[in-house]
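Questions regarding the structure given below will be posed in turn.
Letters A, B and C mark the chains as written, and numbering starts fresh at 1 in each.
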Amino acid sequence: MPDPMLPRVFTVAARHDETADTFTLELLAEDDAGLAFAPGQFNMLYAFGRGESAISISGDVAEPQRLVHTIRAVGTVTRALAELVPGAQLGVRGPYGTAWPLAAARGRDVVFVAGGIGLAPLRPAILEVLAARRDYGRVVLLYGARTPDDVLYAEEIARWRARGDIEIHVTVDAAGSDWRGNVGVVTQLVRRAGFDAAHALAMLCGPEIMMRYTVIELGRAGMSPADVHVSLERNMKCAIAFCGHCQYGPEFICRDGPVFPYDRVARWFDAREL
Amino acid sequence: MSEDASAAPRYLDRADFDRLLEALGARGYTVIGPRVEGGAIVYDELSTSAELPIGWGDEQEGGHYRLRRRGDAALFGYNLGPSAWKRHLHAPRVKLLEAARDADGRLRFERVPAPQPRRAFLGVRACELAAIGVQDRVLVDGAHVDPHYAARRESLFLVAVNCGQAAATCFCTSMQTGPRIRSGHDLALTELIDATRHGFLVEAGSAAGAALLDALPTRAAGAADIAAAEAAVANAASGQVRQMAQAGIRDALYERLEHPRWDEVASRCLSCANCTMVCPTCFCTTVEDVTDLSGDHAERWRRWDSCFTLDFTHLHGGPARTSAKSRYRQWLTHKVAGWHDQFGESGCVGCGRCITWCPVGIDITEEVAALRAVPDTSASGAS
Amino acid sequence: MEIHDLEDYLAHHPFFAGLAPEYLALLTGCAGNVNFAAGETVFSQGGTAEHFYLLRDGRVALEFPHPAGNGVVIDTLDAGDVLGASWLVAPYRWPYDARALAPTRALALDAVCLRGKCDADPALGFDLSRRFAAVIVERLHAAELRLTDMYANPAADASDAAVTAGAAGAA
């Protein structure tokens, strides 16, 4: 009988800092089998002796041999992961959870809205859309970060922008006078974006407060809640609907999520301390 | 499992009851059954019927449990103890894996083989059989199988016992899980005790049960035996003073997330987690990581957890459920409402343990009734 | 832009949606085109608020100046946005600098002229005040959202240990 709690061994092939507290690991499976996944899914990463943390996959589905995770050092496990150097090993279980609805997005305008570290789980979806750009209508990325220094994948965003086939707006909460971009909250960018609300599909990832107000803005722009997809986050111990920790109303975020159509979770989104 | 097996009930005399234990032992089963320990009924290993709670009954109410002498020599004259069979299937503490790290930082994981004890549970009540089924749905019937639970569950032989009376905290009839044992068992016993006889009506619920029954010194049950057994179960049904209405319960709870009753019950709830520990279906666990002194060996352990603890929902920034109100709401709403969405049935089997073992006597049936008696008046209820 | 074009522009600007035609004509009389080069100051902190602006393109940063030179940008406004509400409330001073980040074209509305007209016609005053209130409330709300510092790393507390797991936000 397979043991769903047994990790596979992966080796750190590369590591680089994204921001002051966020880093990216590129991992290779010791068994060379890679790790096929769908954009939006996550893995349980095990730091030796410290435990596991649920981390979204940030790599390219076209390169399953190279597992990429962008991680913010925020707890004991992620701080231990931050200390891993090339050659070091860690445990990986996954992939788990639901995916961004890219098939449903084909032929439609696509609006990505990311907040903070929330760009990391959206990156595989953005890469997939850009790789098959002609299959989609207009593509928009709205991204809010804390400061210009906290913008993830800044060089890559510049490359995406240079393609000319994706409309990108980045905003920060506060900036020095040398910042030429937007200052403000990401919800304010919805109005600036060019998309057809009646035929668009939105994918949101970020703090719940940011997603809540983005949903309101998208609704104001004419989008139906069923066309807005959100990625949710809760404490997780097992990722296979055994431990009970990630329950959100009747949903196991690990199994039924993390990506949900907003109309499915709207009732729970509005409840306090759920 | 053969439906026909139960068609011909047999009668086993009390004097021959140890033959049942011996037959189980001969087939390699370790028998786990009820015994009196520390003033309560607990399920533990036993080898003879002398270790059973002979002549003991119990008295239960919200926050109240006492063993009482029955005045007869019944083996199964009690109702339910605090500890569900869960302890023996979904173990409180399980080592999940061992990990080793060498000097170069290379890792190796060793899976911990799940022990596969061959065990017979003796004295499983209808609500408890239902609870085992509920945990089966969670831990083995989904996309993933918990190997530790599955290994303990696989070779299990279940000797169920029909209840002859109800505790004041019982409400299995309204949950449709009892008191009559209907499925999931290998053998079902109904204890018949009066001035003229002390014995058991025995029905097989599976081929293994039928084979074992064949090996026992029984006689065909007479009409009087069958009638007495029916009367005993009927007594357990009619004696239930609590109930939880099931029609529409899921939506009713979903519509009452901001109901004022949650504040009221939270003012009494101690967040002690007793209800989740005694509940035969609560399955939540957490994981602990330990390393040895050298730092080269690590272990992962899984242990029971409770949604009443503050840590349970800890996310960077703090717990999602800070108030006792939100944690009680989570437990109750999950148990009687969300479970239907998750597993197609209620997570409550009506055993009443959470009522008995709540130190302040919070009564799940009373809370559900109070919630449903008044619609949620707050604006945000279902918005 | 000719007067006719100006009136047409104002009539179709969302900020003035539904404004009575006579008020539109009146506003057109107070409006004029302005252009700012990248880096050029639109107004300075402490200066008298004599205009408000409808940005037609470009980008303007609202910035609290710092004595050491490097100010803090607290908001940016783009095409379609309304810039400046200080003309509405005494003492009619700008609370911060406004600086064009890119070549910016705007309509400047003469606030001194407008204040007089608003005083003379309370219905116009109420209408304009309500339109500005909507903009101010929206910007206040956006600022409040930013006050939550929702992207901050909350894990200064080392005791949160291995329990900090989660999927979506890549904990």
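In this section, contacts are C-beta pairs under 8 Å (C-beta built on N, C-alpha and C of every residue); 3 or more make two chains touch, one makes a residue touch a chain.
Being a predicted model, the structure only gives us computed values, none of them experimental.
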| item | value |
| --- | --- |
| Contact graph of the chains (line, ring, star, complete, other) | complete |
| Most remote chain, CA-based centroid, reference being chain C | B |
| Innermost chain, where centres are averages of C-alpha coordinates | A |
| Gap in Å, rounded to a whole number, between the CA centres of chain B and chain A | 40 |
| CA centroid of chain B to CA centroid of chain C, Å | 64 |
| Inter-chain centre distance, chain A versus chain C - centres from mean C-alpha coordinates, in Å | 32 |
| Chain C, residues touching no fewer than two other chains | 153-155, 160, 162-164, 166, 171 |
| Where chain A touches two or more other chains at once, by residue number | 50-52, 74-75, 233-235, 237 |
| Chain B: positions in contact with at least two other chains | 286-287, 289, 314-316 |
| Contacting residues of chain A [partner chain C, same complex] | 21, 42, 44, 50-56, 58, 69-78, 96-97, 115-118, 120-121, 144-146, 150, 171, 173-185, 187-188, 191-192, 205-207, 209-210, 213, 231-237, 239, 246, 253-254, 257-259 |
| Parts of chain C lying in touch with chain A, wherever the complex brings them together | 59, 61-63, 70-76, 78, 80, 99, 101-102, 142, 145-146, 148-155, 158, 160-171 |
| Chain C-touching residues of chain B, taken from the complex the two chains share | 286-287, 289, 311, 314-318 |
| Touching residues (chain side chain A, partner chain B) in the complex | 1-7, 9, 46, 48-52, 74-75, 84-85, 87-91, 233-235, 237-238, 240-245, 247, 249-250, 252, 255, 267, 270-274 |
| Residue numbers on chain B that touch chain A, as the complex places them | 96-97, 99, 101, 104-109, 111, 138-139, 142-147, 150-151, 254, 257-258, 283-287, 289-291, 295, 298, 300, 302, 305, 307, 312-316, 320-323, 325-326, 330, 334, 337-342, 380, 382-383 |
